[in-house]
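Paired with subunit B in one complex and with subunit C in the other, subunit A is shared by the two complexes that follow.
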Partner chain A sequence: MFAFSSPVIDYHALAPELVLAAGICVVLLVDLFVPDHRRWITGTLSGLFLLGALLPVVTLAVIGDDVRSSLSGDGITGRYVVDNFALVLKALFLLAGYVVVLLSAHEIEEGGYYQGEFYVLLLSSVLGMVMMASSRDLVSVFIALEFLSIPAYMMAAWKKRDRKSNEAGVKYYLLGVFASAVMLYGMSLLYGVAGSTLLTDIGKSITLEGDKVGVQVLGVVFVIVGFAFKVSAVPFHTWAPDTYEGAPTPVTAFLSVGSKAAGFVGLVLMVYLAFPEARDVYRPFLWVMAALTMTIGNLVALKQTNIVRMLAYSSVSQGGFILMPLAMAFTDGSQEASLRAVVVYLIIYAATNLGAFAVVIAVSRKTRSGEISSFGGLFQYAPGLTVLMTLFLASLAGIPPLGGWYAKFGAFKAVLDAAGGWGYTIAIVGAVNAVIATAYYINIMREMWMKPAPDGDVTPIKVHGSVKAALVICAASTLVLGVLPGLIAKVGAITDLAGIAP
Partner chain B sequence: MEPLQDLNWLLSLGTFLPLVGVLLMLFVPKKDVDTAKTIALGTALATLAVGVVTALKFDYGQSENLQFFASHSWIKPISATYTIGVDGISLPLYLLSMLITVLVMIYSWNHVPSPGNAKAFFMLMLVLQTGMAGTFMAQDLILFFVFFELVLLPMYFMIGVWGGENRQYASLKFFLYTMFGSALMLVGFIALFVVTKNNAADPAAANFSFQWFNENGPDVAKNTAIWIFGGLFIGFAVKVPMFPFHTWLPDAHTEAPTQGSVILAAILLKLGTYGFVRIAIPFLPQAAVKWAPAIAVLAVIGIIYGALGCLAQTDMKRLIAFSSVAHMGFVMLGISTLTDLGINAALFGMVAHGLITGMLFFLAGSVKERYHTLQISKLKGMLKSMPKLGWIFGFCAMASLGLPGLAGFWGEFPALLASWSPAEVLLGNGHEGLFRVLTIIAALGTVLAAGYLLWLFQRTAMGEPAVEAAGDHHESDIHDVNAFEWAAWVPMLIGIVVLGVVPKLLLDLSDPGVQIITKVFKGGN
Partner chain C sequence: MLINEFLVLGAVLFCIGVYGVIARKNAVLVLMSIELILNSVNINLLAFDRLHGSNDGAVFALYIIAVAAAEVGVGLAMVLLIFRNRKTISLDDLSEMKG
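Our next item is the complex of A and B:
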C-alpha cells in the first residue's frame, strides 16, 4: 500500500547545502592530516566552502523566480523549497558565516583552540541556518533549528579552561534544549489539530474555530515561546548576556547575528505560513514581547560596563524592533511591509553588528579587556578603528546615512501602515526606545573620542588581515545600504514566500 | 508652473563635492597636516565656486519656482525620491552654508583648537557642509531627514572633542535633545505620508516629495493635522531652538570650539526655522493656523528670556549664545504671523543672524585666544589694546541690536510690524489682541537687546586695559586682527553692510516663494 517511490531531487536547488556538507567532510579530513602549525588551512578552506556555497545561490537567483521544490515526490513536494525568500536569507547566512570565519581566524589560532573542529561546527551551524531558510514543514524547521543550535552550544563553551565560557555553553545548552522541548510540544499539538506537518496545511487548520480552540492556542503559544528563546526576546532572553560574554568573541558575533536571524526566519515562517488566521493569539503576545524586549533590553544596556554585555543587551533590544513589525503582520494589509521590514532589518543588522564585533575583537587583542573604559582614547592611537566603530554604532542607533536608519524606518513604516491603535502605540514605544538606545551607543563614542587612554598606553593596534577584510565588508555594506537602500528594496516581497495564503 | 530642470546636476555637485575632498583626505598621512588642510580648503573653495555658478545661473525672474530641479527614484518600496531643487527661499541659505564653511576653514588654518588633529577637524567640517547644503536643496522628506541628521554626528564630535572644559556634557546634551526631536519628527513624517496616502484618490502615486505634500497635505483632517504638526514642531523647535527646548544651546555654544559655534549659529539653527517655512506650514496650513498663537507666545517668551539671560551672563560667549535664543525668537515670531511680511522678515533674519552672530562668535574665539578667558570682568579696554578688533566688535554689536542700516534691522523690525497685524485667518480667530500684546513685549525685547549688547561692549571694549593680567594672559599675546582673521571676517562684514543697505537683494528673492505659502492664510479664502 505504501510502496516507496523515491523522491526526485533537484540537485541545483540543493547545491548550497551539498557544498556545505562536502565542506564539513573535507575540513574534518584535512584536519586529521595536516600538522599543527598548518591548521589554519582549515579556516581558509571553510571560508572557501562558504563562498562556494554562495555560487549556486547566485545562479539560482539569476535563473528566475520560479519556486523550486528541492525534493519532490509523493507527499514530499513543497516541504523543502527554494524561493526568493530562501535565497536572500541563504546568501545572508553564508556571508555572515564567511565574516565570522574571517573574525575567527586569528582568535582561534592564537588561543590554541581546536581549530579543525571549530570550523566543522561552524560550517554545520551555517548549514542548519541555510536549511531553515528553505524549510516549509514542521519537521524540517525543527531539524534545521537543532542542526544550527547544537554546534553553537559547543562553540559557546570553546574556551575550555575558562569558567565563564563553560558557563556560557552550559547556560545556552540548558535553556536551548528547554526551548526546543517546549517548541516540540507545541508542534505536536499543531500536528494533532491539522493532521499535517506542512506549514501551509497548518495555516488552513489553525483558524481558532471549531472544538479544539484550546489546543490550537496552546500550540501557537508554545511554538512562539520556543522561538522567543532563540531570538532572545524578553522575558526569554536571560541566557543571552551571560552566553555572549563568556563565549569567544567571534562566536558571540555569530550567535548574535546568525542564530538570531535564523530564529527570526523560523518565526516568520510560522507567523506567515502556519498562523495567518491565528492573529488574535500571536498579535497581543508578540506585541507585548516586542515592547518589553525593546524597553528592557535598552534599560539594562544603559548600565553595562562591559562592551560585549552591552552589545548583547543592545542586540536584545534590536530584536524588539524586528518583533515590532512581525506583531503587526496581517493587520490591515500590512503583511508585505512587515515581511520586508523584518528581512531588511536582518540584513542590515547583520552587517552592522558583525562590524561592531570585529572592532571589539581588534581592540581587545591589544587591551585584553572587555570593559567599555578600555576603549578610552582609541581615537588617538587607532583613528581608523574609531571611525569604523562610530559608523557601526551610529548605524545601530539608526542615524542616517548609515544602514540602520533604513532598517528602523522600515519597521516604523510597517507598524504605521497597519493604521490603528496597536500600530501607533508600538510606534511611539519604538521611537522613545530609539532615543534611549542612542544614549549607550554614544557613550562608547564618547569613550573612544573624548576620553584619555587608560594608563596612557597609546601603542598602535595591529589589525590582522582577515579582520581587516571583515571590517571592510561590514563597513561597506553598512554605508552602501544606508545611502542606497534601494539595492535591497526588492527583498522580502510577499510573493517571495512560497505558499503564502493570498 | 513646472520646475526648471536646466543644469540639474549642479546642486548634486555642489552638495557632494565636499565628500570627494573627504575621500582624498583619507589618503593623506596624519602628519602631513598642510596637505590635508590644503585639500580641505581647496574643496571648500571649489564648492563655493559651484555655489557662485548656481547663483549666477539662477533665474531671478522666477525665484518662486524650483530651479536646477532633478528627480530620480531612490528607495522605491517606501516611495522616497531623490528630488532636489532650490528656489528663492532656500538659495540664500544654501549659498550661506558654502560661504561660512570656507570662512571657517580660513579661520581654522592656524587656529585648530586643542587637542589638534587638523585632518580630522577639517574632514568633519566638510561632512557638515554636505549635510547643511543637502538639507536646503532636498525636495523630498526622506532626503531632507537624511541630510538633517547627517550634521548631527560631526557637530557632536566637534563639540565633544575640540570643545571647552565641559565639552562632554554639552555634546551629549546637544545630541540627545536633537535625537529626541528628530525621532518624533520622523514619526510625524511617516504619519503624514500614511494619512495623505490613505486620503488620496490614487494612493499608488503617493511619494515623499515636497510636491506631493504641498498638494495633499492641506486636505488632512484638522485634528489629525494638529497632532502631526506637533511632531514636526518638536523636531524643528529643538533645532531652532525655541523656548522651552533651548537649554542645550547655551551649553553647546559655550563649550563648542569657535568654528563649531560659528557653524552652529550661522547654519545649523536655521535648519529648524527653514523646516517650519518649507515643511510644517505649507504642508499643514490648517494646523499651522491653530499652532501659530502658541508659537508666537513661545517665540516672545524666547525673546525676553534670552535677553534677560544675556543680562545675567558673566561669560562673553555664553552671552552671545543667549542672544541667539532671543534673535531666533524674532525669527519664529515672524513665521508665526503667517504673513508675507513676517515670513520674509524671518528668512531675512535667518541670514542676518547667521552673519552677525557668526561674526560675534568668531570675535569671541579670537578674544579667548588672546586673553585665555572670556570672563567679561577680566576683559577691559579692548579698544585700546587692539583697536581694530575692538571696533569690529562694536560694529557687530550694533548690527546685532538691530541698528537700521545694518542687516540685523531687517530681520527684527518687519517681524514686529507683521505681528502687529498678523494674517487674516489669525485675526478671524480673535487673536488680534494677543498678537498686539506680543508685539509690544517683543519691542521691549529690542530695547533689552540694545541694553545687553551696549553694556557688554562698554564693559569689554572701553576703559583702560587691565595692566594686571590677572594671571590668565600675557601682554605679548594681545595682538590685533591678523591676516587669516581679516580674510575670514571681511566677507561677513561686507555682507552685513550690503544686506543692511540693500535688503531688496534678499527680500525680492524670497518674496515670490513666500507669497505662494501665505496664499491660503489671506482673507477671502
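Our next item is the complex of A and C:
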C-alpha cells in the first residue's frame, strides 16, 4: 500500500505566483463581459495585479529568511525556493511587466487588435519569468522557460494583418522552439549523468572526471546553447533584430528586457548551481560568446538606420557585457562579485532600455516612422522627450553619473577581480566595445539636438498619461541608481543564491 | 538490453531532427523535425529513468509531452497566419526584414 504524504505548501512564499495566476483568470473573464469601448479596463486590471503580486515579494523581503522552500515534502524540498536572488529578480520582472502594461495601453488599443487576450498573455509571460527566478530544478526551469516564451511568440505576431509582425513571430517561434529542444536534449544528458533533476545534485555530478566526460561536456554545451538563443548571444542572435523590428514596439520593449533577463537568470542558475565544477567547458565557451556578442552587436548597430533595429543590436551588445562576468564566475573566487554584477546590470539595463523604448513609442506616434532621421529636430518641438532620450542613451553608453555607468563598473570590476589572462583580455575587449557603442548612441543625440525636423513639422507631441508615468519610472530609476549607487549595491549585496558552491 | 541501444536511437532521432530543421524550407516540416528532437529527448529521459530507478525522468518526459503539444498548437496557428497573408508557407519567403 502506498501511503500518501501530502506536500507542505508555503502559501506566503508562493503568493506572487498565486496572485498572478488569479490575475490571468480574472482578466480573461472580465474581457468576456465588458463592452468594446471599455476594453481598457483589462489593461488597468493587469497593472493592478502586477503591483499586487509585488506586495508579497516585499513582505517576504522584509521577513528576510535566507531560504524558503515553497513546496516541501518527500523528494520535492528545494526544487522551488524563495531566496534573496529570487526576490530581487521577481521584483524586477513584476515592475518591468508593469511598465510594459503602461506602454501598451494606447498602442494596442489604437491598432484595433484584441486587448484582453494581449494582457492575459503578458501576465502569463511575466508569471513564467517569476517562476524562473525560483526554479532550482531542471523540470521547473524548463516549464518556466516555456511558460514565458510561448505567450511571447504570440505577442510578437500580435499585429495579425501586418506581414512584418507575422514574420517576427514566426522567426522568433521557430528559433526559440529549436533552441529549447536542443537545450532539452542537453538536460536529458545531464539527468543521465546525475540521476536527479535537482540543480545542486547535478552540480555534484558534473565534475568532468571519470568515464562519462563526453556526455557531461555535451550536456553542458547544449544547455548553454539553448539559453544563448534566449539571451540573443552571437552567433545565436539572428532572430533578435527581425523580431524586434517587426513586433509591436511595447512587445519589443518587453522582449528586450524581460525575456532577456529571464534567459540570463536561467543561465546564472545553470552556471552557479549545475556547472560550478565544469569551469573548463563553460568558461572558454561563454568567454568567446561574450566577446563576439559585444563586438558584432556593436559593429552592426553602427550602420543601422532604423531606430528599433539599432536598439535591437544595442541590446545584443549589452547582453555581451552581462555574459562577461558570467564567463568569469568561479575563477579565483569571483563568484559573488560576478553574480552581483549580473543582477545589478540586469536591473539597470531594464530601467534604461524600457525608457528608451518608451521615448521611441511616444515619438513614433507622431512621426509614424522608425527611421533614425525622423528624430531630427526633436529638441525644437519635444524638449522633454529629447532630454529623457539623451539620459537613457547616455546611460546605455555608460556615461557617469547615470545608472549604466555603475552597471558597467560592476561588470568590469568582476572580471578584473578574476585576475589572470582570461579576465584581463575580456576586460580589454569590453573597454574597446564600450567606446564603439558610444558612437551610435551619440549619433542619435546629434540627430535630436542639432538637425532640423525632416518634414518641417514642429507641432508638439502629445504624450499619453500612461506613457508619461512609464517615462518617469524609468528616468527616476536610471538617475537614482547612477547618482546613489549605494542603493543598488545594497540590492547586489543581498543577491545570495541558495545552494551556491563555496 | 543495454542502455546504449536506447541512447543511440535517441541520438539518431536528434540528428535527423536537427538536419530537418536546418535543411527543410517548409514550415510544417520544420515543426515536425522539432517534434522529432523532443521525442528523442523523451526516449533519453525514459532510458535514464529506468537506469537510475528514480521517477524524475518519467515526470520530466510527461511535462515535455504536454508542453510540446502546446508549442505545436501555437506553431500551427502561426503557419496558418502567414499562409493567410502570403499564400505560402515557405520559410525562404520570410525575408521582409534584413540587415
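We adopt the following convention: the second predicted complex is superposed on the first by the 494 of 502 C-alpha atoms of A that agree within 3 Å, B and C clash if a C-alpha of one lies under 4 Å from a C-alpha of the other, contacts with A are read in each partner's own complex, and residues count from 1 in each chain.
Keep in mind that, in the parts below, a contact is a pair of C-beta atoms (placed from the backbone, for glycine too) under 8 Å apart; a residue touches a chain by one contact, two chains touch by 3 or more.
Note that the structure is predicted; figures quoted are calculated from it, not measured.
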Touching partner for A:119 - first (subunit B), second (subunit C), both, neither: neither
Which superposed partner A:229 touches (first subunit B, second subunit C, both, neither): neither
Contacts of A:242 with subunit B and subunit C, given as first, second, both or neither: second
Partner chain in contact with A:282 - subunit B first, subunit C second, else both or neither: neither
Which superposed partner A:157 touches (first subunit B, second subunit C, both, neither): second
Which of subunit B and subunit C A:400 touches, first, second, both or neither: first
Of all residues in subunit A, those that touch subunit B in their complex: 340, 379, 383, 390, 394, 399-401, 405-406, 409-410, 412-413, 416-417, 419, 427-428, 431-432, 434-435, 438-439, 442, 445-446, 449-450, 484-486, 489-490
Subunit A partner contacts - residues on subunit B that touch it in the complex: 30, 73-78, 120, 142, 145-146, 149-150, 152-153, 156-157, 160-161, 167-168, 171-172, 175-176, 179-180, 183-184, 186-187, 190-191, 194, 198
Residues of subunit A defined as touching subunit C within the complex: 138-139, 142-143, 146, 150, 153-154, 157, 160-161, 163-164, 166-171, 173-174, 177-178, 181-182, 184-185, 187-189, 191-192, 195-197, 241-242, 245-246, 300, 303-304, 309
In the complex, subunit C residues that touch subunit A: 7, 10, 14, 17-18, 21, 27, 30, 34, 37-38, 40-41, 44-45, 47-48, 51-52, 54, 56-57, 59-60, 63-64, 67, 70-71, 74-75, 77-79, 81-82, 85-86, 91, 94, 96-97, 99
